[in-house]
Structures are given as C-alpha cells and as structure tokens.
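The same chain A turns up in both complexes below, where it pairs with chain B and then with chain C.
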Partner chain A sequence: MTASSLKEHSPEVTARQSAMSILTKAPPQDLAVAWANLSYEPEHTVIRPAETGLVMVRGRTGGTGAPFNMCEATITRCVIALEDGTTGFGQALGRDKQKVLRAALVDALWQQPEHRSTIEEKILQPLADLQEQAESKTRAEVAATKVDFFTMVRGE
Partner chain B sequence: MYVAVKGGEKAIRNAHKLMARDRRGDTNVPSLSLKQISEQLYLSVSRVMAEGSLYDVELAALGIKQSRGDLIEAAFLMRAYRTTLPRFGYSKPIDTAKMLIRRRISATYKDLPGGQLLGPTFDYTQRLLDFKLAADGEAPAPETQEFEKEEVMPRVTDLLNDEGLIEQDAPIAPDAPVGDLTREPLTFPAERDLRLQNLARGDEGFLLALGYSTQRGFGRTHPFAGEIRLGEVEVDFFMEELGFEVPLGTMTVTECQMINQFKGSASAPPQFTRGYGLVPGQGERKVMAMALVDRSLRAEELGEEIDSPTQDQEFVLSHSDNVQATGFVEHLKLPHYVDFQSELELIRKVRKEWQEKRNAAEQELVAEAAQ
Partner chain C sequence: MSTQATASIFARAPAPGFSDPVHNAQSVFRAAMNAMAQPGTIQQLSDLALTPPAPLSVSATALVLTLCDYDTPLWLDADLAANDVVKNYIRFHTAAPFVESPAEASFALVANTKRLPAIASFAAGTSEYPDRSTTIILMVEDLKTGQGVTLQGPGIKTEKQFSVSPTPPVFWQQMQDNSRLFPLGVDVIFASDHQLAGIPRSSQISGLEA
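Then we have the complex of A and B:
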C-alpha cells in the first residue's frame, strides 16, 4: 500500500520505503519482540539522537484538490550509523524514542547485503504478517456491517 | 493615580492544590489511566486532537485527564504543548481514497462500489441508556464476514462525473503556496486552504450550529451527505537527507463529502457543488458540520447572494476557534479593579452632570409656571 502511494524511485528505494513502512506501523511492543528475536546488538553511533517534533499533516480540498493543512502530528526521528558507516533512519508518528532507535538500526542493517535476508526473515516478515492479520480482522469486522439491500415487491 | 496591586500567590497556590484534589476525586476509586481514556473515550480524544490541532492520542488523553474532562481546556493544553516542539515540515497530502476503511456510507447512492459499510456507529441505536453497560461494560466480540481482498472503495465524488453533473476539484497549480494559520495570522478574504484549516480546528459546537442554520434557511445549501468515511490513512514525509519520502505510519481521519445544489451562473451550468470536511480522529458530526460550513463559505466564489452569517468569512473564521474564544470570554473574570474603578468614577461624574441638568430644567419649568 505504501510503496504505491510514494513517488516512483529505484527498486532499492521502493524496497527500503516498504521496510520503513512496516517498521513505522509496528506497535512498539511488536518491534521490541522482533528485535529481541534477532539477538544481535550491532555496534553503532548515534548521529542524530531521537528527537520529537511536529509534522503538519496535509489533506486535499475535496479529496483530490489543492492541499491544505489539516493539523499537526507529533513525530519522533533519529539517525544512527553502523561501524562501516551505513546510516539508518528511524521515524514514526508519536513520541516513542526507543521505537525509532530500533527502527533506525533495522533500517541500517537492512541496507547491508550480508544482513538483509536475516532482517527480512526475522523482523520485517513477522511484523508484516501481524499487520496483515490486524488489517484482515478489521476488514472482516467491517464487512459484517455491510448493508444488504433488498426490495419488497408489493402488489402484482 | 495608579496603584499597582500584588498579592494572591498563596491563595492561587492553595486553589490549585484544591483543584488537584477535586480532580482526583474519591481516592477509594482507582485513578484513570491514559490508556483507559484513549481506549474508552476515543471520541473525546478525537475532539481534543481536532480542536487542539495536534494528532497524538496519548497527549490528548493526558489533556482530558488533566482538565477533568473539559475538552476545550484539554485542546488548550494541546495548543500550548505544540509550541514547545520544533516543526520538522509538512507531510505529503494524505490520500483518503487509499484509506483502510472502518466506516463508509453514502446517503446519495445506495449501490456504490464497495457498498455501504456502517462500521462502529451510534446511528440506528434507540438512545436508551444501557444499564448493562453500567453493570460491567464488557462487549461481545464483533461479527466477521468474508470480504473481497482487492475491493476498492472509490470516493463517491470520483464516481459520478460521467455527465459532468458534479463539480470536480479545481486543477492544482504545482508549487502553489499552502496557507498556514500557525505561521501567519488570518487575513480576509481567506482562500479555501486557510478556511479549511481554520474549520478543521474549529469548535464542533460552533460549526454544528452554523451548519444547522444553513439547513434551516440562513444561506440555503440544499445538502446531501454524498459520502462519509472513517479509517486509517498513511502519512508520508519528504526526508531532505534521504531525497525520498519516508512513511511515518498511519493516522485515523474522518472525511465528509457534502453534495449541494447549485443553480448555475453565467459561466457555469447548473450542477452539484461540494463542501468538504476532514478531521483527525473519529469526528463524524464535526466533519459534516465542517462540510456544510465550507460550502456556505464558497458563496462569493459561486456568485451566490451573501445574506447569512455562515456565508460571512470574517464572522465564521474569526469566531470558530474555541481556544481564542475561551481566552477572550474568560479573561473577563481576571481582576479588572483599575478599569472598573475608572468606569465607576466616570459614571459618577456623568450622573452628577445629568442630575444638574435635570435640576436646572425643573427650575426652569417651575419658573415658567410661576409667570
């Protein structure tokens, strides 16, 4: 869903955006569990410590027209670097610093060819599965409230 | 003579302590957790986020707890808090067509693609107090039903353009500036982007009353609820350092497309026009009122006669903000001793003059009568 809503980029960037989308959407406790399952604490330096600020969220007039500013939202972001200099970016709506730090580490490891498959298998796929399940549950519950219209024929 | 007065520190301190005690209430009753508020009072949380103009469920819950459930006070707390944070930038406009839908209804089209999804709603309840809820509050699990994975939910307004009967959104000028009330004060006439921002953070009660007035004939707009949708949308943000947009997660929004009659003008044929509402969180009444007011405020653009309060930009936009309104109304209770003293003196003087004039007139009458 995310990848398609973003501007077209190289496949590498699109894949990274998809990974970031999974990380940013993950509830903090799910990400914590997935991270613990990795059992790997890479050496890293914090380039930009986790910081909370605001993003002004925009909508579009009428849904498709000119942009307007709807409201601000809190967002937290940070940047880390692994020992080989690979930088990882973590960002998410809300004020959870631990979460974006983990997301940044995952983002950095994902960029390293030697770690990508492990990260995808141990962190991204399990989180994506959980998100898929949650979405399916919501959709199934909402589908049960879909109106079936029927027409009553009166007379002959 | 001006006399500066100081004092009241101790009284203020003690008053705040007393307020904190009252806020806590009976200590035999457990204190509310923020999770309880955000999970069980989500519609209050939504209102505080919309009127506080800050999307953060936990902060809104804290605001509600701190304000003892006074939602305007809670919105005020949100506004104050946001001033302490740096602004990182603007999101890419959210795309409500790609929403994970939790409710979607149309009052104009029965058989629209995707169908009518009632979702979690108070509609069709009988508004009878539910004493079972008072007893335990546990709810049965909701029903589920198979759904089509690939089913799309086009916006109603995108569906109906075959005959050009419904107005489409104006083409977008690339890189046109987007007004921001948090950066520059409102001036008139205000463009639609600024009006929508103002309405999105405006007081629900005020907008509801204005919207209602348009239905009752004060600036008739002949509205139909074309579509209301609620759900989660993704927020994307362009990250300068990376050179591409990064996802920030999802946020809950409610959207309303109001469809209105329009008799046409010299340049435009008769067609349906539209009013738009969009708010953070779940705020159906607010978003409907917003769409009604948005449409009314387009009176000038559509060449309609302006004869009602809701069509008057300055009236609507200058009075919609409940934090501002509260500030000005409630400041009246702060000490005005010196102002009042001077008024008192003035009125004494004026009364003395009035009395003297009256006495003089009476004497004149007596003198005339005597002649």
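Then we have the complex of A and C:
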C-alpha cells in the first residue's frame, strides 16, 4: 500500500484501524477479562481458522536508510463472519489463537452500528486505558534512570 | 478507499475454506501428486466439508486452495472471471493474483469446458525452465463416460484407458500436440465432484476415434 492510498482513508477506516490496534496490542488476559465483561456470545462462522505464521519485519537504519530484513516475527490471524455477513479480522504477534479469535469477534461487532458504542465502552476504552497506564509506567521508570552528560566547553 | 467501497468489500463474507487447513491441504496435495504420477487413475477426495460458491466444485476448489498462493498467477475462464463471488472467495483464501492472459498463468481454472481456450495459448514453459508452465484445472462432470482415449508413458505400466466428459471437440487433438512438446507443455488435472485425474505432458495419447 502506498503512502498516498493511506492518506485517503476515511474517518471510518481510521477509527477501525485504531480499534484494531488496541485489540492487537492488548495482552491476552486483559482482552479475556474485557470479553467476559461483555457477556455476549455472538453467533459466528469461522471463515479462516486461527493460524500461526511468520511475517518478515523490515527496518531502516535511522528511519531513512535503505530497508533491510531485520527478523521474522510470529503472528496469528483469524477471520470470522457474523450472521449478517459482517467480517471481523483479528491478528496479533504471538501464537495465542483464543486472543485473535476474540479480537476478530470484537472487530466484527464494532462494525455493526447497534453494537459499536457497547464495544467502545466495555472493551476498547478499558483496554486503551490499561495500555496508557502501562506505557506511562514504563515512561516513568525510564525517566527515573535518565542521566544528563555534561561536557565542559573548551574555550578555544 | 471510500466508506462505501470498504463497506461493499467487507459486507458479504466469503464462504469458509478448509476446516483443517494443514491436513486437508496435505491430503488434497497427495491426491494431486498421485494423479500426476499415475496418469489416468482416479483419485478420490473425501471428507472435505467445503462449501464453495457456485459454479465451483468441491474438488476443483480444494485444488485451488491447496496449490495456489500469492506467488502463482491464476487464470479464470470467462464465466468465472465475471463472477465476483468466486473471485472474492479465491482472492480471500489464496491471495493468488488473477491474470488476463492464459500465457502468464501458473494455474488455470476452467469451470466450463466450452470456455477452454486453445491449449497452446497457455504457458508451455521454456527450454531453460520447463516448469514455468500452466497447470490447467478442468472441472468436468464425470471421469467414466465420454470420449475415451488410451494413455501410455511414464507412470503407466502398459497402457491405460481414460475417458472424461464433457470435453471440447478438439481437446484430445490439442492434448496430442501438447505431449509432442515434451519436456515443454501444460499439465491437466480433471476435477469432477469428488474425484481427480491427471494427464501430464509426458503421457502419449492415442486411440482417438476419427
């Protein structure tokens, strides 16, 4: 996908991307808790059973150099369809099949207007809050070890 | 991508593929391999709970799901190429790119034998790379009746009677021409509902009724 086509995404697509991003980054146990809180098991068909594979991670030196293959990463993906034909896609690093299945179900329910606000409120927002907490904790820990190096300016 | 386009792509879900992708694909691959190794023998495909969109048959779909991936350009006959449900199904499950020209295809899927173009129009490979040829997956009604031929060659002890229906009128003459190209040429897999049979380029075809 080129940079220009990314820019053309509608707000709907951008919103779905951020929802899927939250699901992907969520630790499996957090997603399991949030899913249990929803207490709703939608009827669904698995159209691509959860499967684990590898993707090539590519990097650029300093963000601007030539791309190179850095490593392979394990991912798991799954696609389901709800009864009305809405498809939900889940994929995440790691090999947790239950997690990607739940992520796919949440993605599909999110696309249904009647379920979106419930999903946002009961699953996405709590997960986003947890991720924000974890991130600020890490930031605080890193900040506590910050060292400033001073060098004397030589009077040349 | 507009919201409408996104909605239309994702609104209708494709039918499920293999329920057990690894083992199903392995058993179908084995059947296809045996069909090629023993030309003209009928291989049974069983226990495949596939529900492909019409007009695809279970066996032809199983072959496509097993053999095709993003690396294998796929050519569809005119009826299938006009069928968005079929194309979405194959694209979703295999990610195979569709090609317009039969000569660029690694695999060709033909649902209606009347729509089969001249066999010479498919890729026959090159002398350096005879493997860069098309494998035609031809959907047929059955592998018992129809115009019979006699096969000889590698994988056949003496000779093998083979019949398939329906076949286009000049099909067997074209297949004879194809086998003369050996080591170049195309390979054909016939797929009836739950059965497969193969005729590789190495098989000599005789016994045509004049």
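Assorted remarks:
Assume the second predicted complex is superposed on the first by the 137 of 156 C-alpha atoms of A that agree within 3 Å, B and C clash if a C-alpha of one lies under 4 Å from a C-alpha of the other, contacts with A are read in each partner's own complex, and residues count from 1 in each chain.
One rule holds for everything that comes next: a residue touches a chain if its C-beta (ideal position, glycine included) is under 8 Å from a C-beta of that chain, and two chains touch if they have at least 3 such contacts.
Quick caveat, the model's predicted, so the values are computed rather than measured.
Superposition note: with chain A as the common reference, chain B and chain C can be accommodated side by side. By the touch criterion defined above, A:R116 reaches neither chain B nor chain C.
Judged by the touch definition given at the top, the superposed model places A:G62 against chain B, while chain C stays out of reach.
Contacts of A:K97 after superposition: neither chain B nor chain C is touched. Of the two partner chains, chain B is the only one touched by A:A73; chain C is not. Residue contacts after overlaying the shared chain place A:H9 against chain B and chain C alike. When the two structures are aligned on the shared chain, A:F149 is found in touch with chain B, with no touch to chain C. By the touch criterion defined above, A:T86 reaches chain C but does not reach chain B.
Of the two partners chain B and chain C, more residues of chain A are touched by B. Nearest C-alpha atoms belonging to chain B and chain C sit 6 Å apart in the superposition, given in whole angstrom.
Once the two complexes are overlaid on chain A, the chain A residues touched by chain B in the first and by chain C in the second are 5, 9, 13, 51, 79. Within the complex formed with chain A, the residues of chain B that make contact are 49-50, 53-56, 58-59, 82, 85-98, 100-103, 110-111, 115-119, 142-147, 155, 157-158, 168-170, 172-173, 176, 178-182, 192-194, 196-197, 200-201, 234-237, 239, 241-242, 244-251, 253, 255, 257, 274, 276, 278-280.
Note for the complex: chain A touches chain C at residues 5, 8-10, 12-13, 45-49, 51, 79, 81, 85-87, 111. Chain C contributes residues 1-3, 6, 10-17, 19-21, 92-93 to its touches with chain A in the complex.
The touching residues of chain A, counted against chain B in their complex, run 1-2, 5-7, 9, 13, 17, 20-21, 24-25, 51-75, 77, 79, 89, 91-95, 135, 137-147, 149.
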